[in-house]
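Which chain is which? They are A, B and C, in the order written, and residues in each are numbered from 1.
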Amino acid sequence: MLDFLINLQKIDRRWVYLFVFAACTFPFAVKIWLPLYTSPETRGVYETVDKCPPDKVVLVDSSWDAGSMGENKGQVEVVFDHMLRNGTKFIVTAQNVPLAPQFSEAAIEALVNGKYKDRHYKYGEQWVNLGVTIAADYIIMQQIAQKDGLHRQYPKDYRGTPVGQLPLMKTARDLSDIYMIHAVTYTPSENWLAFIHGPYGTPITFGCAGIQSTTYYRYVTSGQINGMLVGIRGSAEYDAMLYPNDMKARKSLGSRLIVPLAFGHVVIILAIVIGNIGYFAGGRRRMQ
Amino acid sequence: MSGAGADSLYLWLAALITLGIYSFLYSDNRMYRVLLHTMIGLGVGYSFLITWKQVLGPMWWDPMTSGFWDIFNHHSGGLNALWILVAFLGLLWYFQFSRKYLWLSRIVIGLFLGVGAGIVFKQQFLLNMPQVTDSFRPLLSGPPDVKNFPLPGYPNGVPVDIVGLGHIDPVQSLNNIIYVVTIVAVMVYFFFSFSHDRKAIAGTARLGRWLLMISFGAFFGNTIMTRMGVFLQRLQFLSDDWAPSPLTLFDRLIPGLLYVLVPSVLAAAAYLLGRGAPEAQGPAEGGSAQSTEQSGEVST
Amino acid sequence: MWKKRLIATVTFIAGLYFFLEYVVPPMVPARTRQGVIQSVRSAPMPKVAKRWSDKSGVVEVEERTVVRQRIDARLVTRTVTVPNRPGQVVRREGEQAGLEEVRLKDVRAADRGFFLSGRERRTRGVVLEVTRDRVDVGVLGGVSTIRMAYQRIETTLSIPIASEREVTRTTKGDTPERVTPDKLKPGDTVTFKWRPQKGKTGTVSKVEGGKVLVSFFPTVIVPYGRLVAFRTRSTGAVESAAAESLEAGELVRIGPTTYLSRMLASVNNFLTVLGAMAWGMGLFSLWLVHSMNIRRRRPEWYLGVIVFVAIGFGAVAGYGFGNEEVLWARNLNDVVFEHMLLPMGSTVFSLLAFYMASAAYRSFKAKSSEAILMMVSALIIMLGQIPVGMWLTEWLGHYKYVDALQLPKISQWILYGPSSAAVKGMWFGMMLGAIAVGLRFWLSLERGAFFDREM
């Protein structure tokens, strides 16, 4: 028996890979619903987006691509869903990630042509995608805070249309026209707090990868950011707030992936436990 | 090519790329390295054009050529021709590749270092001063004033001189004490300007180390979620987009079999293609990821 | 030696600008006046017109008008700090005419009214800043006049109807179309591809006398003179206010500019373009490495060929990005991006999930008490982040004092409490380090292999 326990720490890593793969695949085949706890940081984002006045716009800085799609896509989908539901106008930008505008545009168009088809939302009136700027983020932030800064930093939208031609951009010219900023990327820049929130008081919310969230909780407690969507969990919780009674209406990537994530976590926890059982068994053998 | 057939073909292209890269999990092989180099080339070429279209084109080339046109056609606005000077500065970057004139590239690097240094004062003060003020929490406090938050409420507990001793909230006070003690202990652990020989300082540093372990456990937990998230997004593609595509008229069971057969065929192909891992392969190829894994336990 | 001095000078000047831009106020402090605007009257000066024409008969007329503004404002003569007591009631000028009674804690920046007490309760003031503990009130004095100006630039273009030069017409909801001037009518929005109006958008205002008249929007407004204005918003944020946007009732600060902030946009554009020019270095570096491999036929040199072919293919696909005119490029862009780059990038990153699982299995061992503490914290966080944690401990929610022991709540407490505090402690150390290193870079005091290399 002791030999068996000692051998538990010598399993080939490829078996571990296989167990992870199988555990994560299972919920895709069999639909499982589990209860969700809504965290305060997610609620903070929801309440901030909900309070946007009709004469202001929300700026969504969606600077992510394939590498962090699993976490960030859901974080923009739920916020886009909320804003389209409320009729809130928004602008989408990207910094230093050339492929980012296409990802966010695909998410918006899926909603506009799907769930909100009957509202006939038009590009240029309800939302604008300003494309990507390649520059240091603090330079971009300082630029948009200046008068007409959005027009100067993004002279054309991501389709190549001069921004002066877009109805929404005629009134949304710089930071004074922006109600809040939702920065979604693998690691949202802390410069948003230093260069935008600090001097101007604009509410900021983050959508970040789980790995980065641990360092950002201190900004939530100090009030520098109003809320934060943490990885897959954040978008699943937000979706649950948008559709509290209708689980089937939760279509964001976060809601889709939260249960497979749970299974994957359980396998890793079991792997840690099994490894430690083997370790302690080996220690016992050494004492013998 | 268009239509459902083309869509199916593209899905298969994406799925084969995905499974081909996953073949690396079984063993290193040539197919994986081909896909990796293709990805590098595609990414670099694509990003190069995007940068031109989004930045250099509208912000530099168009104004500069307009400026020269204005000068040669006696139109106002010739000042934009000065953008050509930026081109000379921009060329200095490329002297990084020259041994003799390397110092020229240091001019632009120095310029950006200076900009970064100048920015850091503003950034650090604006970013961290609210953090410093937030760290001073009332050790004996009433309950958090959440109704009036953010201003002028007290999210971390109402100070005792306002609520009076009769209204102390023990839970909030304990939370604040733990918070402040943690910050102080961790800072003492990292400060090496004074000696850690004294018992009080050594004990505080030890406490800081323990509290840091809690933080690192939180880091680990969140890291797992991030890494799993990326994998799950690919799994969702394979399961929801690719698996049903070949035989959309049939039950999911048959795509499920394909789901098993195709990876098996690919795995066999990967094995047959052989490892062929020469010494020239560096860390970017993924080889060192395996060796890091097998290097032994990480001591804490 | 002179090379190092040149580099050090460039570094210092670059950092000095941003340092001064942060430290030096945007306006000269001694000559800055703060107050509440009572009225703004504008008087445009005579237009100064510049005319330009080309051989094809296109005529461009640029009219510059200096608009002088007379701003009457009640200036702040002194500042009084009032403790922000919860029960204190003050009178504030409401949105309708007249005064409204509000609690002092409900006032916002730029509110006007009577906020002082005692002998000064009839002294009119404006709220300058509101904090948790105090309210700064600026006592308003008499009306003073400040004169500012801005310049309006309007450009009109006259194109002969018979001209063969095409413009792009955009009608609402339709796709853009290339048309000759004879097809234009008043109200059409047109974009130009020929100089000097290339990329500019205008509206057809008239078609008469054999010419199409186009006016450009927006009318360009530029600052004129040395005075700049900053407006305080009700949230307390201070923002740069354009002269033409000033309105009665606003709390503003007007003074001569120190030019540092005014230059910021241009400096930022310069740095953006200069930074983007480094993009080719990655390409160049790849070419150096792989061309060497191919020339010397090193093992697996064919991978270098694959890289170059892929670069070319990616560049062609990138040409199609946002390109509405060349459809094959646009389609190629979609295929390469969605079905090649995206799967490749995501999948390579996703390999880390498996490595983490096997690394956790092999390396995460409870060898010491600290390791056990880390492991317990990690397990709580992991279970708290996923629905399984809620599923396991949901039953605790039915009991009064132990509901706080639900896994998600413990996880939340760890993240908001000890973990957040520990990270904050680390960050304070890093903040001091960042400032120290920033100073060293700025003053070129840094040492190391890179900085000490012979030039």
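In the analysis below, a residue touches a chain if its C-beta (ideal position, glycine included) is under 8 Å from a C-beta of that chain, and two chains touch if they have at least 3 such contacts.
What you see is a predicted model; the values in this text were computed from it and never measured.
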If you tally C-beta contacts per chain pair, the winner is B-C
Chain centres computed over CA atoms; the one at greatest distance from chain B is chain C
Quick one: report the Å distance separating chain A from chain B, using the average Cα coordinate of each chain. 13
So, in whole Å, the Cα centroid of chain A is separated from that of chain C by 20
Expected list for chain A, residues touching two or more other chains, is 13, 17, 20, 67-70, 99, 131, 133-136, 158, 199, 210, 213-214, 218, 221, 230-231, 233, 261, 264-265, 268
For chain B, give me the residues that contact two or more of the other chains. 25, 46-47, 50-51, 55, 58-59, 115-116, 119, 122, 124, 127, 131, 215, 218, 222-225, 227-228, 230-231, 233-234, 293
Any chance you could list the residues of chain C touching two or more other chains? 199, 269, 271-272, 275-276, 279, 322, 337, 341-346, 349-350, 353-354, 356, 358, 360, 362, 364-365, 367, 375, 379, 382, 385, 415, 419-421, 423-424, 427
What does chain A use to touch chain B in their complex? 13-14, 17, 20-21, 24-25, 28-29, 67-71, 73, 98-99, 131-136, 138, 155-156, 158, 190-191, 193-195, 198-199, 209-214, 218-219, 221-224, 230-233, 253, 256-257, 260-261, 264-265, 268
Listed in rising order, the residues of chain A that touch chain C in the complex are 9, 11, 13, 16-17, 20, 34-37, 39-40, 65-70, 99, 102, 122, 131, 133-136, 139-140, 142-143, 145-147, 149, 152, 158-160, 162, 164-165, 170, 175-176, 199-202, 210, 213-215, 217-218, 220-221, 230-231, 233, 258-259, 261-262, 264-269, 271-272, 274-276, 279-280
Once bound in the complex, which stretches of chain B touch chain A? 25-26, 46-47, 50-51, 54-55, 58-59, 115-116, 119, 122-124, 126-127, 130-131, 133-134, 149-150, 155-156, 215, 218-219, 222-236, 239-240, 252, 256, 293
Given the complex with chain A, which residues does chain C contribute to the contact? 170, 173, 189, 191, 199-201, 217-218, 233, 235-242, 264-265, 268-269, 271-272, 275-276, 279, 322-324, 337, 341-346, 349-350, 353-354, 356-358, 360-362, 364-367, 375, 379, 382-383, 385-391, 394, 406, 408-409, 412, 415-416, 419-421, 423-424, 427
